[in-house]
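Each remark here refers to the structure printed beneath this line.
Labels for the chains are A, B and C, by order of writing; each one numbers its residues from 1.
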Amino acid sequence: MAMKERIRFTFAAASLLLLGVSLFLLLAVFLPWYAALGVITAVVAAAPFGWRRFSLDTRRKLSENMFILVSGATALIIVVFVAYFLVHIFLLGQSQLSWSFLFSPPTEGLTEGGIFPAIVGTALLVIIMSLAGVPVGTITAIYLTEYASNTSVIARFIRFAVNTLAGVPAIVFGLFGLGFFIGTLGRQMDTFAFDQRMDDFQSLAVAAGSPFTGDSRARVEEIRAMFLGDDATGWRAEVEQLRILQELRGEEEVTVAEVTSFFTAQQRPHWGQPSILWAALTMALLTLPVVIVSVEEAIKSVPRDLREASMALGATKWKTIRSVVIPGSMTGILTGAILAVSRGAGEVAPILFTGAAYYLPDLPTALTSQFMELGYHIYVLTTQSTDVEATKPLLYATTFVLLMLTFTLNFTAIFLRSRVRARMLR
Amino acid sequence: MKAPKIRVENLNLHYGSKQALHDITIDLPEHRVTAFIGPSGCGKSTFLRTLNRMNDLIDGVRITGSVKIDDVDIYDRTVDVVRLRKRIGMVFQKSNPFPKSIYDNIAYGPRVNGIRDRGALDEIVEESLKQAAIWDEVKDRLDESAMRLSGGQQQRVCIARSLAVNPDILLMDEPASALDPISTAKIEELIFELKDRYTILIVTHNMQQAARVSDYTAFFYLGELVEFDKTRTIFTKPGNGKTEEYVTGRFG
Amino acid sequence: MADHILTRFDNELEKLGARIDAMAELVRAQLAGALGALRDSDAVRAADIIEQDDRVDLLDVKIEKLCMRLLALQQPVALDLRTVLSALAVNRYLERIGDAAVNIAERVDALAAHPALLRRTRVPEMGEAAQSMVADAIAAFLESDIVRARGVALRDGVMDDYDRENFTILTDVMSREPSLVVPASHLLIVSRNLERLADEATNIAEAAVFVADAKIVKHGGWGE
């Protein structure tokens, strides 16, 4: 046989093998394995005989259509699997699906109730993540394609960084978020804020007449009296606790340093703790490479002669980018956003340490709040529940909701993108 | 020829190590159509693009010599390229309207120049489309996307777009090469009508088009200017043997 | 037919038509003048005609240049090509008619003293016929009138007959009255010129057919 013939033969044979195996698996779900095997063997055995009975013409046509048949069958099998998968989950969880499930918080140690906080948390996470990641990614992509020369050091460095970032495992992002955002950045922010407040405290104390400066000593009683009467200063809570200091030290006079260290010890972290903000930023980092690459491709796909037309009309480079390149690559930018969103709604590892909470019936009210999240909730239900049987339906229902949410986000974004596309060709 | 609009002296252009234009010296007349002809790769398009400094957009381009428009060397350091390009309109080989409405395409240039008033823009759009002989065909669908027009119509919209900024000079790089004969004839007729107001330079690989449409013709070969003369002379008794060989179709 | 999309093309064709028209007018005037001078023995008029030939030559050159430009720059085809090619030919024919007229005018001086001899020949009739043939041929060309053109071709035979008659008459005169040999010889040449002139008019008529029908009818191709 000629080389071309050989390739076709191999290809056809491999496709048939794949088809056979897939069919076997499919059948094996419903029939015992030996029955499935029997069916497949029968078909395979009968095939050659049947083949010979076809005329040369039909054989040729069949060979020609082999690829279409096989790929069509494979596609069908995939669709069937996905549908089966969805239906399976739905059926197992449907007993729990209801409006109250969707809109009420979990109760009874997660064995009853709903997943409303998790839904809200996931949605907020995705929104903040997109707001942070998509603009930064877009601007970076614009810089890389439009401004930086391909061989410049900066461009090569950025590309290297982006490629590396794309390969980093999700859990490592989580650790980075914990270490950098929470441990370093958050803590720095807290320290800075704390220092501001301490300065504030000192100047207030001095203004009220207490000798509370430098190394001089002041009586705890005095300090307390100064602040407890009038809470306009906002120091009441801390100053209340000075009582503990007094008890510990057994003395009545303290220095600034002692009060400062006491307050520091009592300090509860504000920014330096897991929160929805840090979780969203960590996710933004995770999806950044995806956004950059899609936007870069989209920008490159804007034909050169459109840019030239704009430049020839006397527009500056920036004006050209603003008015021609960005509108022209909007579909690509949205694609990048869609891909980022899809990933964000699904990844759990990065948010494990950076903000996801085990049980938090209250909705997140500030950027510093923690939040429940659907993916994490599934993990929790699977591994930490007190009554496995009771939580199974909950688990499947939650999974189903997560899938539906992901699909909705995707379809909304795709719909938006097709609207943009249609408007461009109007 | 009265005072030429464009004077080029000893222009040389290098792409990296390759030299694309050798020592070009030519005077291009005002309010006339000058055609640049020559076989593929002879440098005519490259030369055209040096006149509005579009070659600056390519990495590694080196230019020596002078190009003076109205006695000002456009490659002088003090020249603002963006302003230069506002005075020179360019029409490309394949029509390239922006994926916006027809109105927004024409208004793009004026808007870049800071004209915001809707009334003024309306006037400019109408005037430009009329000059490009396409107003009647599109006046009722200015808000439709320019991409929905036929090739010939798109090209005339592109011409209107470049006229909207009121240039002195119009550069056309094979503007009709992608069009059918009737659309081509319409564009040629348009060029003829426009030359009263503009100085037009047109690159064409179609010699017959150069014969029909231009007053002067320049023949380029291998990056050199071989002959430049009145079109009727080039096509009846050219002075250079190479020119005669080219126009009679003996090579190229 | 509609106008060309390129108005320049139409403008040039119009110019060509106008120039051919002007040439025709000029040549007809030359012919009328020469024949008139001959009939009236008007030497002054004859001298004028001879001078005007420069104008005919000038126009001849202008028309040729215009045709060359049209062919080189506008690449005419079909009807336009036939028009330009015919214009070139008709230009030449008209120029020859002009030359024939000048030739006749040159002999007015020599024939001034012999009006009687003139009347004995068929030259006066030839002159009338020639003028009408030229007029009809030009009109047929400018208006693409094939019927008229055909009419001109048919009358060519008559002119040949007249010429032969003149030859008989004049050779007879020369043998009987030797003193009249010189004027008779001049008249022979005048007759020949007029016969040639009629041929050129026929050529113009044939060109008219070429433009209208793309048929080349010369050398007996008139057929039906």
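Quick notes on this structure:
Here, a residue touches a chain if its C-beta (ideal position, glycine included) is under 8 Å from a C-beta of that chain, and two chains touch if they have at least 3 such contacts.
Quick caveat, the model's predicted, so the values are computed rather than measured.
Taking the mean of each chain's C-alpha atoms, the chain closest to the overall C-alpha centroid is B. The chain pair with the larger count of C-beta pairs in contact, out of B-C and A-B, is A-B.
Centre to centre, using the average C-alpha position, chain A and chain C are separated by 97 Å.
Inter-chain spacing, taken between the CA centroids of chain B and chain C, is 50 Å. Rounded to whole angstrom units, the spacing between the C-alpha centres of chain A and chain B is 52. Residues 182, 185-186, 188-189, 192, 208, 211-212, 231-232, 235-236 of chain B are the ones that touch chain C when the two sit in their complex. Across the complex, chain A is touched by residues 52, 54, 57, 59, 82-86, 88-90, 92, 94, 96-101, 108-109, 112-113, 144-145, 147-148, 158, 161-162, 165 of chain B. Residues of chain C touching chain B in their complex: 5-9, 68-69, 72-75. Against chain B, in their complex, chain A makes its touches with residues 149, 303, 305-306, 308-316, 319, 323-324, 327-328, 424-426.
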